[in-house]
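Shared between the two complexes below is chain A, which pairs with chain B and chain C, respectively.
Showing the complex of A and B:
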């Protein structure tokens, strides 16, 4: 009886998750073990051949290295900056609400629109960035930010940091706000300097929130698609792709259309995320948290 | 002594305000470029050196976009997908959130774990599988596919927000309703839901915005130009062949402004819903 009742209340959610999360996951694994015609018709099983082919792809080492750089650089810089921004927002000063609202804009705006915006700002001829940098004499000649192999990754990472900052700042801010005031009073009574208090009191206490921010950002940034898809779209080949955009190109770019190979990479991507999820569950000691 | 201290406090607050203002400016600067470009006439897009503000402010770009029949199609698509998927999210999340907030039963932890895992998996990683599935079901190029995908992936946030709120409602209120002869479902609908309006509004706004901004599944599944939602549709203002950056950004501003206002309304509840109760 109890079980059926639970099923009644949880049924709609379970059905939705089964149909649109679980089933595609199964379809993905199945596709990774199959061969497909160019038009997308399944032509039978090939075992692990797609995975073997994946390892032989010339672009794979570059793509994996790009992904590691993409995730590590964005998450690291975002978290460090967020610590500062969140600290600022814990203070009470005129205009604080305005700053919080400003931070919301990159968070709420569609990522693809923000990505297009940066494609325009980075534009070699008409982009405002080159004009500003030239006026300030920070560069001697205009830079082709998105067309130059040396700058495109850094340019994309900068946008990744920009859009990750609001969420991260808010999570760290929530962690900072949860620290009771008495702790700071005690540190003050003990004569600790502001810097010392920050290192020995604030940072250890904000660590759980920081860990959550790091793990969630790793997942979000790994999964990120529109920024690289948009800002790297002029460059041929896979020299600046991440594992996500590489998978997408293999699956859906008209010249490749290799469903089996893309699905094999898709399975790898899912496993990477699962690993991060497991780490997240350990970090927040899931069972205690939900009880 | 106290005069000096209050003087230092004023100076400190002024310095903090300046830092805050600087941060706000840096964050908003790219969007200032967006708004200014949206208001430039076509001929001002390609001048060197480029300038931030238009020479001639052309509000007509916004009107042009609003009158564009293609834009109507994309807007319609976005509204249909976002509104319908949001309705499904609330209808599915409410009973699940209520039941898990009020009852311990075998499988509760497992259910919540599954919900959490779906939240971590954006459709991006699964997009090849999603495409296979909808291809085999004949649902490529349909709103139904987008609606279902958005509903499933935005469910988790709604469940966390509603569950936390339901748990904070005193049981006595429901017990009183039960004494008056209300069944469990009636208690939920008549007593609990009216009290939970703030949480429902938060869940609705979040689900709506997430669906409104969804890109990769729409890009993959929607081939018919007239059925694309806004995120995919407006990119056709700038392609290899046409480059109407002013119209692209006019359309972007139209799409972003309402969403920012809605987001600001639920700002305080976002962290709780996105970190599944791990940050208190």
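Showing the complex of A and C:
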């Protein structure tokens, strides 16, 4: 009886999980094993052929490399900067509340809006970035940030960092405020320098929060669509796509226009992110056990 | 163990419930509560929705059938349609810029099945032909537009140019003189980025005597076309009379934006650009024929389509809806409001007195359509959009790009 009652209370959330997690996952796998016409009519099953074709795509190595760079650079820089910001925000100073509020803004704004805004900031002819750099004489001629193959990835990563900072900073901030004051007193009594305290007390104690921040950021950044899509929309080909935008282009924007192939990449994307997170969690728990 | 099993069973039950609720597909034909789904692309925020909403209300009053009207913006319409068709819930009436892939998949009614004879006879011949697949009309013309050559009169005067260039040689000279004015002024804005590269390319290609196809086969990498693409690459890299990175510039927020800002001497535009320029009153512009290397200026005509999807029991309802739209006062009222060009003989008659439309209507006889009647075109278009820009980048190889496009086009022609 008790068991059935529990089920009654769990029912709605189980139904929700089935509808928004299980069903799409099953549909995705099914689509990845099917052949579709240009318009989207399912034309039967093809087994694993879509996965084999995926490996044959010329753009795949570039796209994978872009994705690794995109995720690694954003997460690394974001975490390092967030450690600094969070440290600053734990200090008591006049206007701290205002700064904490201001930090939320890039997080609260819609990603599409932010990306569009940056597209104009970076613009070769109208953008404010070139204007500022030219006035400061930091560059001799304007730069086409989003059109130049050498700068477009860095320009997108900068925006990715900008929008990831608030969340990460707040997670680290929460971790910092959970550290009891006594350990700092003990370090002070032992005569530890500021650096030594940070390195041997703060950092180890904030590690659980960092772990959460890294895992969640890897997932968010890997899955991020709007920034790359908006800032890269002018560039032909797949030279600056990540696996997420590549998937969308395969399904709807490239001459492949193939839902089955895109679904196969979708399945791969899910597996990649699962593996990355599992790997990370394992190494962290292994290190924790060793420490 | 039993607990896990129970949980699993509960999950399964819940899933069935939810899926059952989602799967209530095209049940609309039965019962008294009939309705049709109409998907329309958003041409403008001001006019598209009000017109189709009004038309739907009028239709519901006449036919007693409800309309589920969905206005979808161009950026996401392909994706949303693909999703509808994958889940086996196509719309009843659809407005899009392509039709032949849907006809090939046998999803559509032909004109004989859902249009009255009067409507069919009213279509302008060329546009009716542009909607045919294997000899039958499936893509019903909904509206048309034509590109025209826009030039900035102030910049032309400053550069000492008497009038718009007629030949390619004159065009290069004009572009160089304007570029030489300095101060960030650009001779010609060339948008070969992914948004609409196929349109820009088609105009240049035709004005050098080339074409997409030769007979029934694709001819994208013909000698003429290679020559044309080299000419465009030279504009960017040798003469340096274009904006920066033309292969990575889109039309709406790139080339048009620069022209509206008065920075550009020449650009290929169309009537909506003219309305924006008129509203902003910043640039004094003229409209002319395309510069040509063959002596006969050709422009690009664009035809968009309405199509009707085959579903059990929807034929009459769809027919009534289409006949209502194609009544001369309805179709012409909408096309005029959006600033596009007619597709019917009656509409042409009514609109020919409009002075603003004169340059485009004059160009219409020399307008050519891209090969939308070939289902392979839908892939070729996407391929051109994604790749042709690479040819005009520094170090780009026009021949190699066109060879690859040709290879893919031939493969697309043979694919399902």
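Definition applied: the second predicted complex is superposed on the first by the 272 of 291 C-alpha atoms of A that agree within 3 Å, B and C clash if a C-alpha of one lies under 4 Å from a C-alpha of the other, contacts with A are read in each partner's own complex, and residues count from 1 in each chain.
As a working rule, contacts are C-beta pairs under 8 Å (C-beta built on N, C-alpha and C of every residue); 3 or more make two chains touch, one makes a residue touch a chain.
The shown structure was predicted, so the numbers you read here are calculated from the model rather than taken from an experiment.
K.L.:
Could you tell me if A:24 is touching chain B, chain C, both of them or neither one (first, second, both, neither)?
P.N.:
After superposing on A, A:24 lies in contact with chain B but is clear of chain C.
K.L.:
Is A:270 touching anything from chain B or chain C once the two structures are fitted on A? First, second, both or neither.
P.N.:
A:270 contacts chain B only, not chain C.
K.L.:
More residues of chain A in touch with chain C or with chain B?
P.N.:
B
K.L.:
Have a look at where A:14 lands relative to chain B and chain C in the superposition and call it first, second, both or neither.
P.N.:
both
K.L.:
Between chain B (first) and chain C (second), which, if any, makes contact with A:103: first, second, both or neither?
P.N.:
It touches chain B, and chain C stays clear.
K.L.:
Contacts for A:167 in the overlay, against chain B (first) and chain C (second): which applies, first, second, both or neither?
P.N.:
first
K.L.:
Does chain B (first) or chain C (second) touch A:125, or do both, or does neither?
P.N.:
both
K.L.:
Report for A:255: first if it touches chain B alone, second if chain C alone, otherwise both or neither.
P.N.:
second
K.L.:
Between chain B (first) and chain C (second), which, if any, makes contact with A:40: first, second, both or neither?
P.N.:
A:40 sits against chain B and chain C alike.
K.L.:
Once chain A of both complexes is superposed, is A:3 in touch with chain B (first), chain C (second), both, or neither?
P.N.:
both
K.L.:
Enumerate the residues of chain A that count as touching chain B in its complex and touching chain C in the other.
P.N.:
Of chain A, residues 3, 10, 14-15, 17, 19, 23, 31, 40, 125-126, 251-252, 259 contact chain B in one complex and chain C in the other.
K.L.:
Along chain A, where are the residues that touch chain C in the complex?
P.N.:
3, 7, 10-11, 14-15, 17-19, 22-23, 31, 36-43, 119, 124-126, 144, 146-148, 233-237, 249, 251-255, 257, 259
K.L.:
Would you mind writing out the residues of chain C in touch with chain A in their complex?
P.N.:
Residues 3, 6-7, 10-11, 14-15, 17-19, 22, 78-79, 81-86, 101-102, 104-105, 107, 184, 192-195, 197, 243-245, 247-250, 253-254, 257-258, 261, 263, 375, 378-380, 382-383, 385-390, 408, 412, 416.
K.L.:
What part of chain B is in contact with chain A in the complex they form?
P.N.:
On the chain B side, the touching residues are 13, 16-17, 19-21, 23-24, 27-28, 30-31, 33-34, 37, 45-52, 88, 91-93, 95-96, 98-100, 103, 105-109, 111-118, 120-122, 124-133, 135-136, 148-149, 151-153, 155, 159, 209, 212-213, 215-216, 220, 230-232, 234-235, 238, 245, 248-249, 252, 255-256, 259-260, 262-264, 267, 270-272, 274-280.
K.L.:
Of all residues in chain A, which touch chain B in the complex?
P.N.:
These residues of chain A touch chain B: 2-3, 6, 8-10, 12-17, 19-21, 23-31, 40, 85, 88-89, 91-96, 98-114, 116-118, 120-121, 125-128, 131, 134, 162, 165-167, 170-171, 173-175, 178, 208-209, 212, 216, 219-220, 223-226, 244, 247-248, 251-252, 259, 262-263, 266, 269-270, 273-274, 276-277, 280-281, 283-284, 286-287, 289-290.
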